[in-house]
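Chains: A, B, C and D, in written order; residue numbering restarts at 1 for each.
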Amino acid sequence: MSNVELSVKIGSLELKNPVLLASGTVGYGNEIAQYTDLSKLGGIVTKSLSLKPRKGNPPQRIVETPSGMLNAIGLANVGVEVFVKEKIPFLKELNTTLICNIAASSIEEYVECTKILDGEDAIQAFEINVSCPNVKEGGLEFGNDVNAVGRITEKVRAVTKKTLIIKLSPNVSRISDFAKVVKEEGGDAVSAINTLVGTSFNIFTRKPKIKNITGGLSGPAIKPVALAKVLEISRNVDIPIIGIGGIMNWKDAAEFIIAGAAAVQLGTINFINPNAGVEIVEGLKTFCEQTSVNKISELTASYQL
Amino acid sequence: MSNVELSVKIGSLELKNPVLLASGTVGYGNEIAQYTDLSKLGGIVTKSLSLKPRKGNPPQRIVETPSGMLNAIGLANVGVEVFVKEKIPFLKELNTTLICNIAASSIEEYVECTKILDGEDAIQAFEINVSCPNVKEGGLEFGNDVNAVGRITEKVRAVTKKTLIIKLSPNVSRISDFAKVVKEEGGDAVSAINTLVGTSFNIFTRKPKIKNITGGLSGPAIKPVALAKVLEISRNVDIPIIGIGGIMNWKDAAEFIIAGAAAVQLGTINFINPNAGVEIVEGLKTFCEQTSVNKISELTASYQL
Amino acid sequence: MYIEKSRFESIEHLEHNIHLIKVYSPSIARSAKPGQFCNIKVSDTDFPLLRRPFSICNVEGEHIFFMFDIHGEGTLLLATKKAGDELDILGPLGNGFDSNGDYQTAVIVAGGLGAAPFPFLTKRLPADKNIYSLVGGRSLHQVIKWGLKNIHVSTDDGSEGFKGTIVELFKTKIDELDGKKIRVFGCGPNPMLKALQELSIENNFDCQISVECAMACGFGICQGCPIENADGGGYSLVCKDGPVFDAKKVKL
Amino acid sequence: MYIEKSRFESIEHLEHNIHLIKVYSPSIARSAKPGQFCNIKVSDTDFPLLRRPFSICNVEGEHIFFMFDIHGEGTLLLATKKAGDELDILGPLGNGFDSNGDYQTAVIVAGGLGAAPFPFLTKRLPADKNIYSLVGGRSLHQVIKWGLKNIHVSTDDGSEGFKGTIVELFKTKIDELDGKKIRVFGCGPNPMLKALQELSIENNFDCQISVECAMACGFGICQGCPIENADGGGYSLVCKDGPVFDAKKVKL
């Protein structure tokens, strides 16, 4: 019926449509599959994996904030080995593009994880989460150090031919500098943004509401910031951008695409409406039809400044 | 009736209580004085002044976002000369502490403004807004360059003995580095935070909703980020902090104080409830009474991590 | 000017999607002038964050009326209020229309919801003035006549009255009206105001237009609502210097 | 598990501040088990952002009941719903109580609003079981008896029944009850659950507790709701592995 071409390309990766579910907000696909048809989406990005399993942070891990939420899950995950053995079989059956997100505490660990996972046919692309505390260099985040991001991109690039996406931290002054180095070092795309650092206190106990003290802010509250980061990258660097941050509906998704995103990821909304992804694909299709856009890729960076 | 000591000291500045109204959200005091008794507040911070008048950005200057708003007023202001002649006489009558906020496009301009205003007895302190595009160094913000912030602090310090507060930009990776340099260069305090860079698009026209393309995000949406910045400074640098960002009520104010703030500023809430400042002073007083806090300054940085 | 906790009294549904609400707000009611507006907190929570500006549509004793259509979440919330609910209203704000002076006929030009401020103006017009109301809408359901007198209608689709815009209708009436003895009061969407402004300048009509724009505070502290001065010398603030401007003095 | 657009039917006010709502939600009603919960979108807007988890208090045909007190903005919004409003409900979620097996008497231990899941359990208890309900509250107004049977009350202030906590009351009843032939079902604030856990471990009672914690998704995708395993081997998820846990298996 509809003639709108929804497929998009990110590096060598072909996506059915530009709507992905974000890392850490969809687990390994099985729980959310009860509520939505994942095969209708562009793809899913799995929870950040590290080499060894991590049990994650002690509770309380999450708290609601105005139009947002803070989380400090602590990258709880099963580790690459269990992932390959136990999670991939189910993920294969989903008939959706599988992007594997990796988080590590050293450059070597990033490389090691990528090497192991690169052999898995089910995995079509890697998304490297650089917003993790860097154990070796004093606990600062890799994601805030442009040289570290460059080195990670270079080293991981060397061990995989699959599409390589670097997920950028928003907690920096000029995110486009990071996108630039990703491009220079051979990355295929960037995802923007990960969560903003935030906190919240209980004024009676005077303790942080989140046990980890700070957490990552997500949800509609951060949408204007995320859009500004996407736009900044789009205006300064020629690299595909996956837009993330506070997308609640197809209008928000369209806004990111217009601001420069080739595809989008949904995070927090999955917790509220696990079927949002499918609804957003539909909404984008109708929007394109009604505004005479034949290919959704034509919307990307179509801003009129 | 109440024995709670609400007064606080910021450098040599004595405030009746820790509740200030933030720059750009209270004009020069006259309009808001119709709705609230400014003499009951700790003080007010006037709209950023530059040497020459600025007419500001073309419309649309503001847009609402989830639990926040974007503004790109463009530092519209009457300039120091008119300020001294026309605004100070009214401000003097308010019986509240007057903090003068300065924004400039060069270090020389900061110094020049401070010099002129330093002679005015009505002005008790300066707040330097470093989140302005630096015309000389290619339009980047001073506020994101730790060396520039150091130099501004040093040069302005040299021309005034009044309390010197540097208002920090949140659009940086480690705000405590900026607070450190402020302290080293003789600043008395830091204000944190100014607005986050954000944007928003009309998906039908594909134009940014704000004519200036990007704007500054304020309001409850940014509160978790602001609290994390205040806490970061508090844990790393021994300097008084004025907490700002999304304060809507006394609970939010208490949260900032617990997270490290010696005083707080109210911004966006003034647009919604111009009497909020007075209500927050009352609320803090009751909170102190009920939790047996004798001096509000004891609440500062009383976090239990 | 007051921050008045007002009592929501009733809601009436006029045409398609047009609502008329009545609130008990004695302090604001007593001091309000036609053309002024109020900035209304539409919920008891922090969502939506900002107040919403609405023209004072009418005043009856200690009651005020506001007229609106459901536009977004703010107006939707307003439309679901129940009698007895409390509404936090800031007002009256802005300058209002100047209806005194040397003219015989007040020509009201209202496009769509631009009709909102005119019932109050109609009521308060000095006794010696005539009134002549030009009311336009896209089609007959968008023509809002509530509280207006001596009404001449235009619709874009011709479903009622003159087929065309309200300013086009005005043009056809110019001969009927004596240009020197009228004062024009206009309110409506920007393109309409622009056409009205041009027409008024051409014909040297005394013309006051009420403009709309995004607002945060509504009373002059945020500088969020600039309108360019016609003389090029910077901006005026719609909330404080307006919302009513001499049509010659601003750029639309 | 369903995302069911349910119809709000009615609200009843029990004790001080305790509300009981009835919704028409046939798919969830048909598949629900005692001890399960639902994650409810309390508004039609994006505010508040997250759903709110509530125990399934009772099921009657295709209707579900939820019981809550007004805690914050979410529950306030829920309490102002009107018959006919649509409520977006995700559920049934979690594992629920296991009430089958080899015991004679179900001992329900409910602290305050911890009573919420027990009307449904009471109703669905296998026919061959006896029931013995221990219900505590701070004072007589906080004691919630709705839908419970064979009730023994404690209040902290002694205003009704035993003066003391509900677990203290339980202690005084141990002799009456045969430890081997009971199964304990507990729900309430954390300190109460902790005391109950200790008592059960000491006396080797078969004990299932329903725990609460902050939640985002409610179905296992956010990992926001960990509870420490008693064996030290990491965390379980309250929403997916719980909310009902064997009292021996978790650290409170």
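Just so we're on the same page, a contact is a pair of C-beta atoms (placed from the backbone, for glycine too) under 8 Å apart; a residue touches a chain by one contact, two chains touch by 3 or more.
None of these values were measured; they are calculated from a predicted model.
Common neighbours of chain A and chain C under the contact rule above are B, D.
Averaging C-alpha coordinates per chain and comparing to chain C, the farthest chain turns out to be D. In this assembly, the C-alpha centroid of chain C lies 54 Å from the C-alpha centroid of chain D.
Once the centre of each chain is set as its mean CA position, chain B and chain C turn out to be 36 Å apart. Mean C-alpha positions place chain A and chain B at a centre distance of 34 Å. Centre-to-centre, using mean CA coordinates, chain B is 47 Å away from chain D. Within chain B, residues 66-68, 219-220 each touch two or more of the remaining chains. Residues of chain D found to touch two or more other chains are 46-47. If you check the complex, the residues on chain D that touch chain A are 1, 3, 41, 46-51, 90, 213-228, 234-235, 240. Those residues of chain A lying in contact with chain D across their complex are 24-27, 31-32, 34-35, 47, 55-64, 67-69, 71, 73, 76, 219-220, 248, 268, 270-275. The part of chain C that touches chain D in the complex is made up of residues 45-47, 73.
Across the complex, chain A meets chain B through its residues 65-68, 70, 141, 144, 171-174, 196-201, 203-208, 213-215, 217, 219-225, 227-228, 231, 246, 251, 254-255, 258-259, 287, 291, 302-305.
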